[in-house]
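Next come the structures, one after another.
Common to both upcoming complexes is subunit A, partnered first by subunit B, then by subunit C.
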Partner chain A sequence: MLAVRVLGTAAILFVLSIIVFSMLHLAPGDLVKTLLGTRPASPEAVAAIREQYHLDDPLPVQYLRWLGGVLSGDFGESIRLQTSVSDAIAARLGLTLALCGLAFAIALAVGIPLGVQSAVRAGGVLDRAGTTLGVIGLSAPTFAVGLLLLYVFAYYLPIFPVYGGGRGPLDTLYHLVLPAVTLAAGLGAIVLKLTRTAMLRELDADYVTSARARGIPESRTRRLALRNAAIPIVTGASLLLTFLVGGTVLAETTYALPGLGTLLQDSVLFKDLAVVQALTLLVALVIAMIALLADLAYLMLDPRVRDQGGAA
Partner chain B sequence: MTGIEVAIDGIDGPAGPMVAAVAFGIEPGASLALIGESGSGKTLTAKSLVGLLPGGFGARGVLRVDGRAHPLDATDAAWRRVRGREVSLLLQDPFTSLSPVHRCGPQIAWTLEAKAGRRLPKRELDLAVAKRLAEVNLPARVARAYPHELSGGMRQRVAIAAALASDPRLLIADEPTTALDASNQAEILDLLRQLQLERGMAMLLISHDLGLVRGRTDDVLVMRHGEVVERGATATVLSSPEHAYTRALIAADPVLALDAERPDDALGNDADLGVAGRAPLISATGVVKRFGLRTVLDGVDLSIAPGQVVGVVGESGSGKSTLARCIAGLEREDGGSIVFDGRPLAPGRRSRTPEQMQIVFQDPYSSLNPMMTIGAILREALGVGGRRPDEVPAMLELVGLPADAAAKRPAQLSGGQRQRVAIARALAPRPRLLICDESVSALDVQVQAQILDLLGRLRDELDIAILFISHDLAVVRRIADTVTVVWQGHVVEHGSCAQVLDQPSEDYTKLLVAAARRDTTGRTTVA
Partner chain C sequence: MTAALGPVGVGFRSRRRIPATIVACLVVLAVALLAVLLGPLLFPDATKQDILSSLMPAGSPGHPLGTDELGRDILALTVAGAASALVGPVCVAVGSMLLGILLGTLAGYERGPLDFAISRWTDLLLALPVLLAAIVVSGVFGGGYWTTVALLILLFSPSDIRIVRAGVLEQAARPYIEAAQMLSLSRWRVMFRHILPNVSSLVITNAMLNVAFALVAFSSLSFLGVGVPPGTADWGRQLTDNRAIMFDNPAAVIVPAVLIIAVACCVNLVGDWLGQRLTRSGGVA
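And then the complex of A and B:
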């Protein structure tokens, strides 16, 4: 099972790297001009740059050179930053991870309790307020929410910093609050919807009626339903993590955070191929890992699936 | 004053009154059966007595437990003090009434803690759970099992243990055996009766099945369209029913009619004779089917001649439905051969044509597309068989439906009418074999009888072969010419209907027949 999965993931990463490689070459723009900037483009300088980055080789050869490097653990050099790709990513990975983790935690901490309460008192004030908030959170674009929060909580009420990543763990956390809330808005709305729907269905199930009919307290009954609802919530929420990957580019740009999202954006604009390739593969790998973890969580949460898995 | 006094002034739903005024009493240690078909209001009555009516429904009246009055329209907070201590409700389906992701032990323990009103130490709880399991004849290790690891009968025992763990004064059992196999039904009902007598607890047993309550309840109450039509001691009502509806229920009850003469028994004694000379239309030989490591069919033989009805009986998990699906091509068999009219059929659906065979499923609520009108459903099926769409009225007439049904959607029809549509749809391509997979199991007994009559008539008129799959021996007896008994993927016994069901030679068949008869005292008063 696991071997098939690993091979499948490897195949997807391989195909993806070819697609990204070709797309970057098809996209308009010229690496040489970007590198030279406003300096005069003497034929010698151009030739030297083309020579240095092997730009005159046929495309398949360029791709294979890159692939050979990756297979031996070398992701190449960033043309733009003039450092190794691994260093460039490692320097920014922590901030993005912290941002995604914080956003996800906020989304769950708000979305799940609100979803449960909405389902328990369906049609009530809280439910209607939750639904309205959910619609807003879902439909408002991430950058718009970001700008709005910036204006309100950093400009008019200067509670949070306007930009930057901060120094030291506490200061970083302080800098990440607004971006995380921005990202969590859309995410939390989906978590709320998922939880509400799953809880409504479970609260309607026979085993809940049966529990109530034998006098089991409402708090216990609710926990019982939530434990059953956890199966669709967890699988749904883990898919949402992949949504974060796209959102983090927007949030980091809005708040000028030096994370992987801004790195990806700058590298694409600069045609910094090695960085884009490495980041794309990293994202794909993370998504594959999340999907695997979601399946494992499913096994953990549902004893019925666990037994089938054991038999097969 | 001891015992249960119920005085319901009425139950109202969103569409108006659902149940009229009804009053009854149950002595401690006594039991009352509430009998009625689906829609008669019996489940609403049960739910109103635990304050768990669905949204939009409301009940007026009062429940008295040993003199303590509990108004039926009390708030949910007030009902929480009543549920469990005074009244407990046991639901129909043990496959859904236990939480699938929790072990059985904790589910019983929650009731114990709810009654105690506090958390109990784990050792004390484990001992108490083991004791409750022992009461329902289950070993203590069941506490560690998840519901899906248990059989239906064992699950219902766990549900009973959980419902009784709060020691209620009244247990309401809502169709507690309808979802179970015949061989489990009698055991569960006898267990309920025994527990009820031992504890001096009152029991309200709700059922659509008069035969089931014989010898197991003291009194009976027959409901129809939300009104009580007859009441009295169970034995008296069963032996000398006064109301025409009760008489109709008894006549339609296949269990009570199990001993009755079949019409063609009187004529030719063995219906097999009529078709003995004809070559089989379909014959399956040595059919093997595995799902993963599990062998579901292990070399099953079956053959059906034109104009013959072959019943395949067995409990759930016996492989009888898998056999039907292999014949229909919905599953691909792993071994054996299936020959149709002399030509072998390869596994799978591609090798079969709509004119060869059609299938009628169990649940007419889910087998018809809710978005299509009946006319559109039948036109589509006629088109599959290359027939003209203007034959829809003729198809409706064939299955005894009015012509105006064509413009309706499935939701506007009753369960019986829907199953007639499903049969008409199956017959539209003029199949030579009709496969009925538990096709009457979801229907009320009276409707069941009508559908069985319809199938019998269609067999005679169209000379089609029918493969009739059922877990219900009494139903099979009404329609089948020969019977094949399947158990764990093997054919246990095969022969004419009368021979297999009246003089079974194999132990397993004897067990099934005994369970279907639900042998109890007083058996001979009816039939």
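And then the complex of A and C:
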């Protein structure tokens, strides 16, 4: 089962890499001109570009050469930044990871307790408030939330900085609070919904009734239920990641943060294709890996499946 | 929702009252629809620039919501922008629903190599987040409004295909389908006259929710500068244009932002409600 999943993932990544590679050749406009960027198109420069990118080789050879580079971490040169793509990504990776990590932490810290409480008192005031917030969080585009928060915090409550990434680790963290809250709105809504649905199902199960009937304290019963509810929450992680990828582009653009999201947006608008290719592949790889990990976590969280796996 | 939460089946025959929240949502959507229909008639030159009256704050004479940097009236631009912000997403939802019905039914009923091909195709499309794929493709290949619509239809279709396929698989095993096959009805007739009506509630619910997601995706693309061309009246575009003048005329940002959020929430709520109603009334057992 797992082997099939791994092979399937590898196949999808392979096909995707072909599509991403072809992007360079399918993009409208002259390829050499795109690769030259702002440099003048003298015959020598054109010849140099053709030589550098091996444009005279047959396409499959070009693809294999490119793939070989990619696999060893060489994504080529960014025509906009005049550095290697890996350097450009490495320079901005930290900020995006910090932003996503912070948003994730906020979303879990708010979403899971709220989801549990909503399920425990389904139909109550908290549940209704939570459901309303959840619908808003799920439907509101990240940038619209971001702009509204930006306005409120820049105008009425000027306690958080509203633009830029800051200097030094602590200042950066401080600058990331608002963007992270913005991202966490959508993320938390998904966590809340997953938790609430899973908890409702668990609390309805026979083992909860029998635990309650035996007089096991409610807090312990709930902890039992939450452990069982963890499985659908964890397998929903890829949903969170999908949201996070789009969300971080929007949040970084809204708050003018120098992260991977703004790098992608600038590169797309500038047609800096090497960077776009690298980022697209990286995102696909990360998503595939997380989906696989979620499956593994599922194995580890469910003792029945785990013990079966151990015995076999 | 669990069955224990409400008196399911009690008011089965009587027409259930529509909840107040849903009525409010329907009113908001009706107003938005009016803006789509009447916007071009009411404000035919909403995008006309007038440098002399640029950056007027809200409440100025003749400009209740003020103007933007190019002197365009925010009220007119916002009403006119409803069409661009809403028509595209509805087209995306309907288009991906139709594609989902066609490919999902074929995959679920015919099985075999066709099913395999269609399923792998959806796997591939699901490998990248919709927004990322849309940004990359429409950014690199360019494209205007309807190209974006077509692109989003393609990217939204996997969820429709999967939902229809699962529903068809479930229906195809039932006795009435066996009966229809015994009568040697043509496979198209079985698929689209007999199976399709029984999965339609799933399809319609998903299409409603897709309208909300498409609205978010569409305005996000406009906000990032890759959806609609500059100068178009469009809510997402307005937000990206007016970000810099947020403190000169806050209404220029707040009004479109709140409208996008409100309409998306309303579509989502109505979609959820419709879904519960349709499944409860026995469209799909």
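Points worth noting:
Throughout what follows, the second predicted complex is superposed on the first by the 238 of 312 C-alpha atoms of A that agree within 3 Å, B and C clash if a C-alpha of one lies under 4 Å from a C-alpha of the other, contacts with A are read in each partner's own complex, and residues count from 1 in each chain.
As a convention for this text, a residue touches a chain if its C-beta (ideal position, glycine included) is under 8 Å from a C-beta of that chain, and two chains touch if they have at least 3 such contacts.
Computed from a prediction, not measured in an experiment: that's the story for all the values here.
By the touch criterion defined above, A:Arg220 lies against subunit B but remains apart from subunit C after alignment on the C-alpha atoms of chain A. Of the two partner chains placed by the overlay, only subunit C lies in contact with A:Thr253; subunit B stays clear of it. In the superposed pair of complexes, A:Ile231 makes contact with subunit B only, with no contact to subunit C. In the superposition on chain A, A:Ala211 makes contact with subunit B only, while subunit C stays out of contact range. Put subunit B and subunit C next to each other and count what each touches on subunit A; the higher total goes to C.
In the superposition on chain A, A:Val283 contacts subunit C only, with no contact to subunit B. Of the two partner chains, neither subunit B nor subunit C is touched by A:Gly168.
Once the two complexes are overlaid on the shared chain, A:Pro303 sits against subunit B while remaining clear of subunit C.
By the document's definition of touching, of the two partners only subunit C reaches A:Val15; subunit B does not. Put simply, subunit C touches subunit A in their complex at residues 1-2, 4-5, 123-124, 127-132, 135-136, 139-142, 212, 216, 219-220, 223-226, 236, 239, 243, 246-247, 250, 253-254, 257-258, 260-261, 264-265, 267-269, 272. Across the complex, subunit A meets subunit B through its residues 205-207, 209-218, 220, 224, 227-228, 231, 301-304, 307, 311-312.
Residue ranges on subunit A touching subunit C, taken from their complex, read 8, 12-13, 15-16, 23, 26-28, 122-123, 135-136, 138-145, 147-148, 150-151, 154-155, 200-201, 204, 241-243, 245-246, 249-250, 253-254, 264-265, 268-269, 271, 273, 276, 280, 283-284, 287-288. Contact residues on subunit B toward subunit A in their complex (touch as defined above): 50, 52, 80, 83-85, 88-91, 93, 96-102, 110-111, 114-115, 146, 148-149, 159, 162-163, 165-166, 168, 292-294.
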